[in-house]
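Structures incoming, each one as structure tokens.
Both complexes below contain chain A, partnered by chain B and then by chain C.
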Partner chain A sequence: MTKKTLEYSVKLPSHTDNLELIRTFVAGVAKKVGFQSEDINKIELAVDEACTNVVEHAYKEKENENIDVAIQIDYQKFTVVVTDKGKRFSPADIDIPDMDQYLAELRVGGLGIYLMKTLMDEVQYHTGPDGKNRVKMVKHFLKR
Partner chain B sequence: MHIEQEKLGEVLVFGVFGRVDAATCKPLEVDMLGAIDGGEHRLLIDCSKLDYISSAGLRIFLIAAKKLKAENGQIVLCSMQPHIRTMFEIAGFSAAFPIVESQDDGIKALKE
Partner chain C sequence: MSGFDVVRKDVEAISVVYLKGYLDAHTASDFENALQQLVDEERIQIVVNLSELDYISSAGLGVFMGFIEDIRVKGGDIKLAELSDKVFRVFDLLGFPVLYEIFLNEEEAIQKYQ
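The block that comes next holds the complex of A and B.
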């Protein structure tokens, strides 16, 4: 028997003005599939951070590019994949291993990635042979 | 997002309204860091009308805290809505800034 997977996706111009639309889309789907507000807020913020990184770093503010935001839902998890065709990103370069130390030093970079990893159950970066960068973020239903 | 500023004695209160993300954060950065450069060393951020904040906004608070530390000043956040407070706690940011319940508590904290 094949388990049913639901898919929702949007494609938008890579501009920070579209972040609110992206949050509304992702939060709407998360709510529809039954997440409570705390998890919806986490998913919304993590996806905002991923898309902000695409606009500001992958595309370096070039506005004529696109961001794809795709959501896949199966019986156990909610997966958001943000895809771009911009500059490749290596998250290890700006890892924040220890938040207390980070704050004590009052550093200011790498917050977005840190938040994504803190808010979601899994975060993976992958650049495919097609040159597209994909950030996959997963929230499990079982951990609600 | 919009900001309202009010001077209460030595404390400059920043009321932050609405949603702060990468698209809307610039005025907050300009106004807050400008105030510090202009000699304001006791900042109270009233978050009662703050509905959403991403790292674009958190980064500004961290830069402000860093600048104020160098000037022997302080930044305090007050009156957060519960969902914003929860996010600060999950992310560990409540360790970076004193977060108090009300504007009065914030002013007291900044006088100490």
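The block that comes next holds the complex of A and C.
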């Protein structure tokens, strides 16, 4: 890998029907840059969870909106940014579950954020002055 | 796209549910409907065979969580069988093996009920 930054992106209608397509795209790029299958699986699941949250929460199932999925690759990391123009999401609003407690209470839902943070090296939420919400997820190449 | 399928097989009092393909936020309702149908029929000794499941996200895991309490209160259970390494890793990440009995093959899971 050179120090050049590579970029790949797709824009899709906000619908769960497109999750499979998004996973195929992200997994394809991750494979292309040399990740092994276990890390590819982690990246595609984290991105699926981020996009599912956009469809179900940011846009509340409105289908005439778009999700942008952009991948940036430099010599040390694989960065995926999921962008939407829906309802602002504040991670502080979501309790990250203590899994022992979660399972003991047989709770339902809220696992997506936990998975994203567990699967990726970094997860950041940001709403810009343009009103767009961005979830940035990073996987480092260290273990390759 | 809809790369998901649910097939059911009844073995006496036990129902085996075969999941195939991708279980995500788009397809979770199909699995939910299949489990709801079993609960409605009071067939609550359930084995879910995951040998052909290629992918699961939290939406799919949420379906298991959504039914387990109700089914156990009624005296039944959901037992899991034949998970691929990929799918098992997701269950394991969330600590699900503590909550669900997981079997290497379907026969073992069925025998546990008998």
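Here is the rule we use: the second predicted complex is superposed on the first by the 138 of 144 C-alpha atoms of A that agree within 3 Å, B and C clash if a C-alpha of one lies under 4 Å from a C-alpha of the other, contacts with A are read in each partner's own complex, and residues count from 1 in each chain.
Everything that follows uses one rule, which is that a contact is a pair of C-beta atoms (placed from the backbone, for glycine too) under 8 Å apart; a residue touches a chain by one contact, two chains touch by 3 or more.
Worth saying up front: this structure is predicted, and the values here are computed from it rather than measured.
Contacts of A:Val55 after superposition: both chain B and chain C are touched. Looking at the shared chain after the overlay, A:Leu21 reaches chain C, while chain B stays out of its contact range.
When the two structures are aligned on the shared chain, A:Gly112 is found in touch with chain B and with chain C. By the touch criterion stated above, A:Asp100 is placed in contact with chain B and with chain C alike.
Applying the stated contact rule after C-alpha superposition, one finds that A:Phe78 touches neither chain B nor chain C.
Contacts of A:Leu45 after superposition: both chain B and chain C are touched. In the superposition on chain A, the residues of chain A contacted by chain B and by chain C overlap at 16-17, 19-20, 23, 37-38, 41, 45, 48-49, 52, 55-56, 99-100, 103, 106-108, 111-112, 114-115, 118-119.
Of all residues in chain C, only 1-3, 22, 24-26, 55, 57-59, 61-62, 65-66, 68-69, 86, 89-90, 93-96, 98-99 touch chain A in the complex they form. If you check the complex, the residues on chain A that touch chain C are 16-21, 23, 37-38, 41, 44-45, 48-49, 52, 55-56, 99-100, 102-103, 106-109, 111-112, 114-115, 118-119. Chain A makes touch with chain B in their complex at residues 15-17, 19-20, 23, 37-38, 41-42, 45, 48-49, 52, 55-56, 99-100, 103, 106-108, 111-112, 114-115, 118-119. Across the interface of their complex, chain A is touched by residues 19, 21-23, 52, 54-56, 58-59, 62-63, 65-66, 69, 83, 86-87, 90-93, 95-96 of chain B.
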